[in-house]
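Pasting the structures here.
Two complexes come next, and they have one chain in common, chain A, joined by chain B in the first and chain C in the second.
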Partner chain A sequence: MMAKKKQKKRTKVDAKTLAKKQREISVAEFFQKNRHLLGFDNKKKALLTTIKEAVDNSLDACEEAGILPEINVEIIDMNKKQGMKKEISEQQTTLVTEEIKEEDSGSKDRFRVIIEDNGPGIVKKQIPKIFAKLLYGSKFHTLKMSRGQQGIGISAAVLYGQLTTGRPTRIMSKTDAKSKANYYELKVDTRTNEPNIMAEKTVEWNKEHGIRIEIDLEATYQKAGQSVDNYLKQTAVVNPHVTLIYTSPDAEQRVFPRVIEDVPEETREIRPHPYGVEVGMLMEMLGTTEARTLQSFLMKDFSRVGAGTAKNICENAGLLPKVKPKKVTREMTEKLNKGIQKTRISSPPTDCIAPIGAEELEKGLKKEIKAEFYTSITRPPAVYRGNPFIVEAGIAFGGEQNSENSVRLLRFANRVPLLYQQNSCATAQSVMKTNWRSYGLSQSRNSLPIGPATIVIHIASVWVPFTSESKEAIAHYPEIIKEIKLALQECGRKLASYVNKKKRIVAEGKKRDYIETYIPHVAEALKGLLGLNEKDEKNIQGMLKSLLEKQRGKLEQIKVEASEFDESYALADTEEE
Partner chain B sequence: MPDNKKSEKTRKDILPLIRNIARDIYSKVLKKKSPDLVFPLRSLSNVKYDSKDGYFELKGKKKKRSLTAATVKTFAQTLRMMGLSKELVESDDIASKREAYYISKNWGESKFKEQPESDSAMDDIESMLMVNREQLGFIPEEKGGEVAGKLTVVDRDQDTGKQIKIDCTKFGSGAYSIPISVEHLKFETNAKFILTIETAGMFQRLVKHKYWKKSNCILVSMGGVPTRACRRFIRRLSDEKKLPVYVFTDGDPYGFGSIYRTLKVGSGNSAHINEFFCVPKAKFIGITPKDIVDYKLPTHPLKDVDIKKIKDLIKNDPFVHHHKEWQKALKQMNKMKVRAEQQSLAKWGLNFVISDYLPKKLKDKKNWLP
Partner chain C sequence: MMAKKKQKKRTKVDAKTLAKKQREISVAEFFQKNRHLLGFDNKKKALLTTIKEAVDNSLDACEEAGILPEINVEIIDMNKKQGMKKEISEQQTTLVTEEIKEEDSGSKDRFRVIIEDNGPGIVKKQIPKIFAKLLYGSKFHTLKMSRGQQGIGISAAVLYGQLTTGRPTRIMSKTDAKSKANYYELKVDTRTNEPNIMAEKTVEWNKEHGIRIEIDLEATYQKAGQSVDNYLKQTAVVNPHVTLIYTSPDAEQRVFPRVIEDVPEETREIRPHPYGVEVGMLMEMLGTTEARTLQSFLMKDFSRVGAGTAKNICENAGLLPKVKPKKVTREMTEKLNKGIQKTRISSPPTDCIAPIGAEELEKGLKKEIKAEFYTSITRPPAVYRGNPFIVEAGIAFGGEQNSENSVRLLRFANRVPLLYQQNSCATAQSVMKTNWRSYGLSQSRNSLPIGPATIVIHIASVWVPFTSESKEAIAHYPEIIKEIKLALQECGRKLASYVNKKKRIVAEGKKRDYIETYIPHVAEALKGLLGLNEKDEKNIQGMLKSLLEKQRGKLEQIKVEASEFDESYALADTEEE
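Here is the complex of A and B:
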């Protein structure tokens, strides 16, 4: 029974009263409410995201500086280690490593993450802002292929550590061999989103250059699945030029060695292509441009727009080329956008993307995955919405991989492994929509194929379109799906010819085994029938074998060329996802 | 009529035959040529029938087994089996088909999985050498058949080799059992004919009432399709003593096409030895479709397998092809869609077969089938 509600007369509230409630939202509050957007949904993911952001930054920095990256990752379970002083290492890193305190005992999910690289380091002035101010970075404003894009990552990890443990993050940076290293203890001021420097000093660090970051945080560690171990392993697959040294919370050390001695080619920054820009972005660009006229704005601030194309755009938009950018209204911007879409503009330059390279990707696969057949390809550059991109794919087939389960799909964007939301990713959709049966794998409708294989898909672009801010799944642009499918088909064809050849050889081998089983019996029977001696019997066997060889031809050989593979380095692969 | 004096090859003749085949294979192997074994194709499609010769004779079709991946196992097994035969002949021993199968269990991977495989290898060898398996030292498991009546079989004592005379009138309610090998037997008789009977039940009835005494004959129970020994026994007896042979079977396609036809002209599978293992002079006095009508016999409907057998006989059997009478009888049965058993004569009284059917039928040559 519903009780009759008494209609209470509402009192009116005026703006002044409301204004008392209105205040600036602190970053801490924002973070608390939106941690899922940044990859800190839960303790397990927080650990992965923290390491991922730090490692991605280190790799970007090394490559930009032309250094072959060597990155140390260490996770310490503080509960296990409490009271123990970290052993003094040769690199004297203990200088900055705090003693793990009594208070950490009992706090079960408390971990310390240490990431150290051999990158160029960061100049003293920039250190606090880069690590302790959210949305501060160099990458957001540029169209350039890099791992990080939003500039949220590492400072979010610092904030997360600070919120869950109350401790500052410790940073050590050294930019050249002669000077000392700069040491900071940093927090994010959660009211102002400004760095809060807790401690600052110079220290000795016998390393030429690099960054070392140490964050205490609440986390849970898991070995299999969407784990740090798998993230590092997959990173090793698509970054064969990187050496990763990983110490797990169980104090096991694993090395993912470098197999390529070249730093990836430096990528060029490009201006946006007109096709990839929306009205709001156009308005902002018009507001900040230094160009005097609409025509010169189009020519200077976009790629692939010359004087002719700029004039065509203006004509199609019904705007005067001479109009001042600052005078362009919202309505005019709408017209301009439509004019752009009507005009034929050549595709953006593609030299701004550096693919891994088919050969290098194959090397990466070979060193991390034990299989019997490897293939990989790099597609020519293509364009979605004015953004150039390149798809690469690879397959590692056979070996000790499970043949009963679905294939393992490894997804990468700009060399970064994507571990979450596989099913909503354009890569998984493309794999499911490819007919793998004709390539020798079994597959039911609209699902991943089944067989002993690992499929790698890498998308490199100046702007990889993700379905959400946490950068976990690639958006379903038809141009991208088409390219992925073409890449998979090309790999698939090579796989099919291998699988078929293998089947043929296995069948032939079986037949030969069969024949060779019975040859001695034929010989023995003849020996008995004709009263021959043992020498004759051996002779018959030999004759029959060479007769057979003549009949069936030489047996083809298939051999696996995977000298890069080292069992001890590839242990992380054994876990099933 | 085949000349029964043209005796079969003796066991001593077998050895050179086996050795020749082995030597041929050996020399081919030494020349690095693929060796092969050649057999006559053992099937109805490879036999012809001529009433002058009186039995199924091989046509020329041959089967060649070259040494390849598909045949290497049976190739090895066939040679092994020949080796076993050689041993048996040399040591004057015998092995039953079942024993031969068990001996193969010593041959490692080339052993036989099931007995039909070893039987088939045995058949291959005998057809390849054109001899009877008994000459190779292999004997069947089953008995040859049973005999009662006016016949004395002269056999030898197994130990002393002394002659033994076996009087087939003196088995009371039982009968003399035809041995697996009959070549050495001699016969003494004054009977007028041999009556061979399909079922043991009918044989028992005729023995019980001493039909053989009444009509002065020799009774032979075949117990279904006659074994080789049974066929050879009847053949030798009828040839040597110049006795007519009458065959009394059920009135069904099996009685006509399998029992009677095999006794008279042999089978497709053993075409290479039919010459000696058939009784061309046999006549059919069993139940015919006409008898079913004339005697108003109780019947059973034809089953699908019966109808198939009738069609197969009319279409593929060279013996039926040759005899219009048989075609007519089979077609009539197919139309009537019924069959009748020997024992169905009991409708008219248990001893109707003795008092009426047989005496009448034996006189009435018009109603025999060839």
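Here is the complex of A and C:
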């Protein structure tokens, strides 16, 4: 009875009542509520994400403009403002730096983050949208390797800052030496996802060109682990052309100077590859193309399609090359798609990607880790969903590394270190699914191997598929996992041959030691049996020894070789057997 | 030299050149490129996600309208169309079902998904936006427990369908018995994120009210594991008021009938709780409120704030209760925020959440798993970022479950089964960080415990924070992890007392067996020592036995108790020690 009553009372809620609530959700509202998707799930991560987004943008802009990047990162603990204030005014007299007000300094966990670059700057008109509108930018519609790709990151930091402190972000931008700099105070209007300009003026800035961004936010600072310090250190390792100057909240300054004077190879923008385009996308492209025939559409709007290939595709699809793109129906598009799959088309070009290079990667490893053996590799380019990508991997083995823990994994995507969500990342999955036992490390099923090793993996692509907008882990595309595993296997084989040689030498040393111990006893026994004198005994000892060396190599040499190996290795070895 | 040359050539790319590429990104474009964020990373998952989004929406709509849900799910393998076509026309004579065309049936991995409910339907005007505009819906701006919350899911399925097959989604909706149904063919215009209406008409539909949705998509079907079959089965378990009728691609029909005739308690929409609102949000609310004074703003726009509490807040903030909300500056808002934190305010109301209930959860477990011991618990409500939530957990132990594998984890959020990304989920993390050794299961550090057990966890909230838009895993908010761990510990203690009793009984049985074996020998020895006859020996045996039973309980009873335990348990037990 109760149930029926309840139901009767409730059926008043009909489609019309429900319809009243249905409305549009602005993307800014969406991410405000889902801030953890953007890397703002907690105060520690918020600090890292803010700095990461700003630094990544600065690096991208410098490289695109062919400028060797020099980036200043400063974090100010607003509770310690009295001391800091003086320093700021001494160091940066020409800069617009908001005074830290009383009510800010009283708040716990409040920080000011300042990032300044020597990049090309941003033209006045674009500043508000770049910094205070989510899903706005230059990289999303471009198939080209870059750190940023979504047009969300920096505006999300602005949004987080205003949400937690109520204050606008301050931007200064200068695009050429002759003009003044543009200064803006910006907020995101969350209801419309449009910039809200709180202040705007021109100012003097004693700098040729660049951007300076200043965000106040709620955060906590931590030096170790998944920290700003570590992010900057790793960034320096894989970006040897960058100079980073970092002032921590403890007012310690650390400089990571550049070690290479070349900007990385310029990457070229590419068009999509036919193999990666699905029916729906094909229809969309056909509807908006400027080409006048199907053949020229295929040639102009895709990578790797010349006149011949275009004709082959049309033939395989059973379509006329002269048909107008706008007249291609869904049914014809299905045929076109099948025709594309049937046609042999070369792999996408790869000058859109700039890998770090096996050699550079190994250098980076050597800078970071003291080991006894290093190896690295850059795989040939591969393709997922039409997007070319390159996997690079390296291993540093032995040395001062702990042999009882899981190996350390360093992950990079388009030269950006990934510090969070390791377990969700395609890189970690690939490491776990590789059989490390055959390469001399111990490993339980579906786990990271155990041993004194660091594994580094870098994926470079025109579009890195991340598992979330915060870009912390790479999605599990089978093509990507396959490439990572191949790279790991190649490094693994080199590791195995080193480890096996080491095992052999250690074993040989032991055997030799063993035999050597018995030679005097054998000689003595022979002396007794054959009635030899002491001189003969010595002779026999010498003969036995040289026989041994003839058969098994110089003893001393083996001992030296064996001693070169780190003791820590013995442990991993024992565990294996 | 080379480097310099390169750089010179490159400095042509300045801010102006870069600005040309900067433009807005539509949210539909964004998710088209990032489809894995929405659960469309591979063909198998695409099928599950599509059905999940549609079924979740149907359940929400039915419950809001107070209707007992009856949902039909049908998957058609379009390669097997010849046989299927006939069946369709026989079963569903009155329905508009698109004919499967030649070029579709030729395509591999192409499926048609049909979901039909008996819900309230959707009014004509809203149909295109609900199904073909991302970030549009009724639940995002409402603090109330529901399965859907983002306004992305079903339109993402429409987008994926059109992308992989080029075809629009077909929708039929009827809101009352007297009118005809509205039929639409819809696509998402990805450049604008607006609906593209391909066809629209009214049709006869032999049904009082409801929605029918038909999507063609590229997918693969799999029966086991993270499959549609499993999702529907688990949905039935935690939604005992739902009838599901499922026709698989193999044309097998399976019915999950409802076992409860009550729609779950209606949940109430709530306003935000003051503790969960940050400075930025407070400023926004102050700017848009209809209240005329600060005091009435606090009372009207928040949960749990009466006249007294509002006055206390103002006092603690050092602000006048009569001040106009629009006149509250940022500095004043900071004070207000601090005032809120200083004031004692009751926890948010919880009639906005409908937990499953410990009893129901245990019933569900019993239906799903044959075990020897069950326990479950519903925690009191807790709060994260101002959002109330309730955690429920249960354990099924022993029985036919494998004792050598990791425990099985069943995860639910707002009554929706979560099948992917277990390792990234706050539930799995909480299980791993609980010390199961003290509850009688074996466990390595930071791993799932090993043993013959299934753990079920349900989190119900007005806003479940997921790690991605695909809603597969719960984000790691400390408050949520804490609650889950408390729930697990409570279940764990009950499990431990059962397991310990079992251990005790098994041990006692062994000890008894042991003593019993020696009684005849002791009797015989006594006979020899004291020179007893056989009758006395028997007597002494009897006396010793009854002494034993008096002290340690009836032997037979213990043996029976011990035999009730599954043999498999012995193994977990040994591993522990």
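As a working rule, the second predicted complex is superposed on the first by the 386 of 577 C-alpha atoms of A that agree within 3 Å, B and C clash if a C-alpha of one lies under 4 Å from a C-alpha of the other, contacts with A are read in each partner's own complex, and residues count from 1 in each chain.
One rule holds for everything that comes next: a residue touches a chain if its C-beta (ideal position, glycine included) is under 8 Å from a C-beta of that chain, and two chains touch if they have at least 3 such contacts.
The structure presented is a predicted model; accordingly, all values stated were derived computationally and were not measured.
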### Task
Between chain B and chain C, pick out the one touching the greater number of residues of chain A.
C
### Touching partner for A:A475 - first (chain B), second (chain C), both, neither
second
### Query
Once the shared chain is lined up, is A:K16 touching chain B (first), chain C (second), both, or neither of them?
second
#### Entry: Which superposed partner A:A307 touches (first chain B, second chain C, both, neither)
neither
### Message
Shared contact residues on chain A, chain B side and chain C side combined as an intersection?
### Response
none
### Query
Can you list the chain B residues touching chain A in their complex?
18-19, 22-23, 25-26, 29-30, 32-34, 67-69, 72-73, 75-77, 79-80, 82-83, 86-87, 107-110
## Note on the structure
chain B partner, complex, touching residues on chain A are 511-512, 514-515, 517-519, 521-522, 524-526, 528-530, 532, 539-540, 543-544, 546-547, 550-552
### Query
Where on chain C does chain A make contact in their complex?
2-3, 6-7, 9-11, 13-16, 18-19, 21-27, 29-30, 32-34, 36-37, 41-42, 61, 64-68, 101, 103-104, 106-107, 120-123, 125-126, 129-130, 133, 135-142, 150-151, 162-167, 173, 175-176, 190, 209, 218, 261-263, 266, 278-284, 330-331, 333-335, 338, 421, 423-424, 463, 465-469, 475-478
